[in-house]
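When the chains are written out, they are named A, B, C and D in that same order, and each has its own residue count from 1.
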Amino acid sequence: MTDILYAKALVQVLRESVEHDDRVHLMGQYFLGLTHHREMMAEIRDNYPERVYYPPIAEVGYVGAAIGAAMAGLRPIVDIATASFIFQAFPQVVNEAANIYYMSGGKTKVPMVFHFNQGIRGGGAAQHSHSPQAMLWNTPGLEIIAPSTPADVLGLVRTAVASDNPTAWVDHIKLFDVTGPAPEDANYSIPFGVADVKRKGSDVTLVATSWMVQKTLAAAERLAEQGIDAEVVDPRTLVPLDETAILESVSKTRRLVVADECHRRCGVAAEIVAIVAEEAFGDLAAPIRRVTADDVPVPFSPPLEEYIEPTEDKIVAAALSVTS
Amino acid sequence: MTDILYAKALVQVLRESVEHDDRVHLMGQYFLGLTHHREMMAEIRDNYPERVYYPPIAEVGYVGAAIGAAMAGLRPIVDIATASFIFQAFPQVVNEAANIYYMSGGKTKVPMVFHFNQGIRGGGAAQHSHSPQAMLWNTPGLEIIAPSTPADVLGLVRTAVASDNPTAWVDHIKLFDVTGPAPEDANYSIPFGVADVKRKGSDVTLVATSWMVQKTLAAAERLAEQGIDAEVVDPRTLVPLDETAILESVSKTRRLVVADECHRRCGVAAEIVAIVAEEAFGDLAAPIRRVTADDVPVPFSPPLEEYIEPTEDKIVAAALSVTS
Amino acid sequence: MLPDLPGDQLVEQLRLMLVIRRFEEALIKLAADRDIGHFHVYIGQEATGVPALSLLRDGDFTFTTHRNHGHILARGADPARMLAEILGKETGYNRGKGGTLHIASLEHGFPTTSAATGGCIPLATGAAFAFDRRGVDNVSVCLLGDGALEEGSWHESVNIAALESLPIIYLCENNSLEALGQKAGEYPSSTMAAAPLTDLASIYKMPAIAIDGTDSAEVYTTMKTAVERARAGEGPTFIEARTVRWPGNRPLWPQLLTGETDVAMMWDDDAIPAEHAAWHRTNDGLLTFGRLLLADGHTIASQIGEIDAAVTKLAEDAVQFALDSPYPAPEEALADVFA
Amino acid sequence: MLPDLPGDQLVEQLRLMLVIRRFEEALIKLAADRDIGHFHVYIGQEATGVPALSLLRDGDFTFTTHRNHGHILARGADPARMLAEILGKETGYNRGKGGTLHIASLEHGFPTTSAATGGCIPLATGAAFAFDRRGVDNVSVCLLGDGALEEGSWHESVNIAALESLPIIYLCENNSLEALGQKAGEYPSSTMAAAPLTDLASIYKMPAIAIDGTDSAEVYTTMKTAVERARAGEGPTFIEARTVRWPGNRPLWPQLLTGETDVAMMWDDDAIPAEHAAWHRTNDGLLTFGRLLLADGHTIASQIGEIDAAVTKLAEDAVQFALDSPYPAPEEALADVFA
């Protein structure tokens, strides 16, 4: 295990996927968004120029083409860049890719990955800050991964590329700068549906995904200073979801806070709360709390953006409110 | 109050809207889908031909045009026909209409209504059976109405047409055949954010929306036969939501079942459960139950479709499970 | 004119056209008796689909629409399993999960069928992308209605196909010419400012050809050139096949206004009823095809009669098979969400 | 050539072009000092926007894109409130909620600005629909980049505008001709098989004209015809204004590679630095416009100098105003979701 940058791990797993399997093609190229890391993609572009496709600004066209290509023998990893642009591709993602295998009676496979950079990024304003994962979770037929560390992006993307199903790879631009240990074993992969307890604790369960895992871990340290021992559970994949891990943690701590960057109404946090309210009602000793983006379009101005964001402070406050 | 068919009430309110306000234009014309009621639309088409626009098969184009028209002095009621086609228009509905007023700093209004027929309709299969209201609820900036009776469609649509905000009108083809009393007062309208207790009861709260209200009322009758007195709460508008009415009912019955036709994960039911789990934790005497569509694409075959649908039977069973 | 093919292959094409015709007629009759929901039939377009798709081979992919029955039958699908699917039966091609809108059969090169207008276009383009990148000489055929050209997915996809020189044929069946449906207050179609429709492809620098979709020779020859071009890596082609809308073709509730087709109309003018005579005489590509076969001596009336009897039986058996087949077990609804 | 307008109006157009130039320069300098996020500048396209939008009047609507600053300033917006918006301040046009991507000012006819590529096209078409149905003679102007023509929303909307004969002008600023960004591994643009781009409009049966976007007379005359046509109810027009991409125009991080524009380059060839001489001599529409004004005697060097000093001060004051302005109160974030 050596420490590695998330952005580097991302490029590494893309490069290896292209290297090891002829069928893997990258369609779109803004995997690292327009961050200063983006030039790292050159290593793939330059070594495998015929495996990287630069589409027109035509999301329903090229994302749909990736779906068609998956049925015809490729394993595309299609990049949608800013998650907000997935709406342009929704007819193909939601109404084609998700349905094909089922609709065909279990015959036609769609082995592919949709990558996008979601969330409140600093100045993205209303049209470039979406977290579409709740909408995708409301769409049966899509697997969903949400890595939060360099090791997880390596391990989850390897599994996603090997999967025979369309898999949405929820990524967050703010993660690119995170450094962490990553296994060097080229065969290391993370099975879908296995949550990771990123911090053990006994007083309160904090469930978080993607970039919010990083914020929640920081919040947990601050809670520790106040004598509260928080457990941080990262589901890592929303579909399939490791309900057991969440329920076990809640049965131990009897308290739950869910931190998630989707808008609140019908967001990812709503679903996790609903599962616990249905399945672990008797275990709870306090109301559940959601820490999410407020239900307003994301504003541009920095203080406004920060006001509506789910922050470390808000996670700490929520955890305190259910433990005191 | 005379009894009137839902389909008739729908046409009546559309016709009156066109009649009373020059700015109202219908864009698209499948308000009654392709049901046998559809010819009732002729009364508007024939009397106000210049107020009904027949668009090409171009959802992002004409739905977006309705949004543009709303900013420029019309009050369009745009029909998307089958709800599944709203995905084609998502870039405009989710990333334009919902954001414009906020993004402009509270200056530019978008007074319009989006109509669509959602849900499991019998043979719609995976691509024509969507219930997109959860996704729309996850999109701040849209008002959402979901009438369930002839009176409600009259009263809610009147308010929607008068509203200065973009409003999604969630409709369900199966409602068209429902008959019920409707006020004859032409000024009758229903304020947004006021739930309707469609049946008073004390043993269990059943929250339901749109077509599920009808099924839930039938389920409540069956529960009554078994000695269980169910209260049926119809929020009528999801945005704004009358949380108080739901919480008050739950504080009385201490039991909650939510019936909704969205897919389960991150659906409308998840949100209502989450609200109650957060706000009324202490009031609950039993786990909450969701009755929703199962998380599979909607299958074509009749017995399969029925198997995954939220049915009257399933509502009864869920209510029994939390009351016994 | 007839496609330039040996007589036996032409007779086989006639047989396939008749399979489609008798299948759709059987379906309409079945629907008159019971509520099987809505569906769209291919009657009147057989002379486009059969010759065009006869040029495909194993590994080629075809993407079709809500109006898919004829296309899939033209590639040799089993009418019984087709009808079973339409009735939602376990024995159907999709084991009941797809229904009429989504019939898929990988063995016949139909991986998925989208009933979202324009939905098939990016998918078909992507399959061609895969063939190109894999370096195989398979082709992708995108069958679309004229209405689908109104969708943005058309513009975005055709641009990609042109830029990447993909092995795809966009075969647009323009059946709007007698837009009965429009008059009846149903789907308006061809709400398109661009005319001719070939402009919608030629501007992207690809061959774009309008042909008479009831002229099987024209269909065959044009498609042959397009398929060869695609296999040779020379890029996409757009073909607009113009057909005359069959009088019974209500968009959702087709009716046998013209009656069941009497093959004797191929050789016996007296068999043509006065009502819809123009349709039978000049617009029905299937009848025209039969007449040409007869005129060129590739077949005789009695052989056509025999073929027709056989395929009529096939269609009847298909109905029986579909009716007799069981529904899938309800809990099957939860299976096959993921591979 | 110069637009056929009185001298004072031409001088005012020069002033507006300089407002834009100095504004964008000030912004780039400001961004060098502090992280204000990314933005897109209009430098090099002033000779398109200013004459084109000078033809609009009250009640007309303009829809622009991520590259909106120049357009809104051309219609008379206050540079101070523009810059305040770009910094997210309470005094900005959108009270900080929009930022550079979404500047909106109803007073100047900009109801909303979409930064989704192609997002403005249906909206602009819809505004024209409203003008048409309301029977007023206002027009809607849809400003779009060449890249936006790759989106399906283009095709769907232009078809609607053509069919309904809507009062709209699609003014496409093609700035891809020196696609520096593409080489630098940033946004590839103009990934379009159709060429010329006017084909993408003319097939829908509307006038579609390609012009030199640095030739203010051509811009003015073409736009005048289009606006008159639209006001008269004669339908839409497409104009492709070709500009040469300004050397400093990195898509997201523009740099003052060509330095701050020295207006003396209009009359003193020695003021032109060797590096980027071609740019300054022939490609920069603003300098060309100034030279023509001088040649035709509509102004003199000293007047240009005075105007430039005034607008430079305006830009400096705008920066100061923006910096001095307060941010909105954080809890303002929750306001104005609904009217």
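FYI, contacts are C-beta pairs under 8 Å (C-beta built on N, C-alpha and C of every residue); 3 or more make two chains touch, one makes a residue touch a chain.
Everything numeric in this text was worked out from a predicted model, so none of it was measured.
Between the interfaces A-C and B-C, more contacting C-beta pairs are found at A-C.
Taking each chain's centre as the mean of its CA atoms, C is the chain most distant from chain A.
In whole angstrom, the spacing between the mean C-alpha positions of chain A and chain C is 42.
One inter-chain figure worth recording: chain B and chain C are separated by 37 Å, centre to centre, where each centre is the mean of the chain's CA atoms.
Chain D has its Cα centroid 48 Å from the Cα centroid of chain C. A separation of 30 Å divides the Cα centre of chain A from that of chain B. For chain B, residues that reach two or more other chains under the stated contact definition are 55-56, 58-61, 84, 88, 91, 95, 102-103, 125-127, 140-141, 295-297, 299. Residues of chain D in contact with at least two other chains: 94, 96-98, 102, 114, 116, 118-119, 150-153, 155-156, 159, 163, 191-192, 337. Within the complex formed with chain D, the residues of chain A that make contact are 34, 38-39, 41-42, 45, 54-61, 84-85, 88, 122-123, 125-128, 294-297, 299-308. Contact residues on chain A toward chain C in their complex (touch as defined above): 23, 25, 50, 53, 55-56, 58-74, 91-92, 95-96, 100-109, 111, 140-141, 143, 164-165. Residue ranges of chain D in contact with chain B, taken from their complex: 61, 63, 92-98, 102, 104, 106, 111-112, 114, 116, 118-119, 121-131, 133-134, 138, 140, 152-153, 155-157, 159-160, 163-164, 335-339. Here chain A touches chain B in the complex through residues 84, 87-88, 90-91, 94-95, 98-99, 102-103, 125-127, 130, 134-135, 137-141, 238-239, 262-263, 265-271, 273-274, 276-279, 281-282, 284, 286-290, 295-297, 299, going by the rule given at the top.
Listed in rising order, the residues of chain D touching chain C in the complex are 150-156, 158-159, 162-163, 191-195, 199-200, 203-206.
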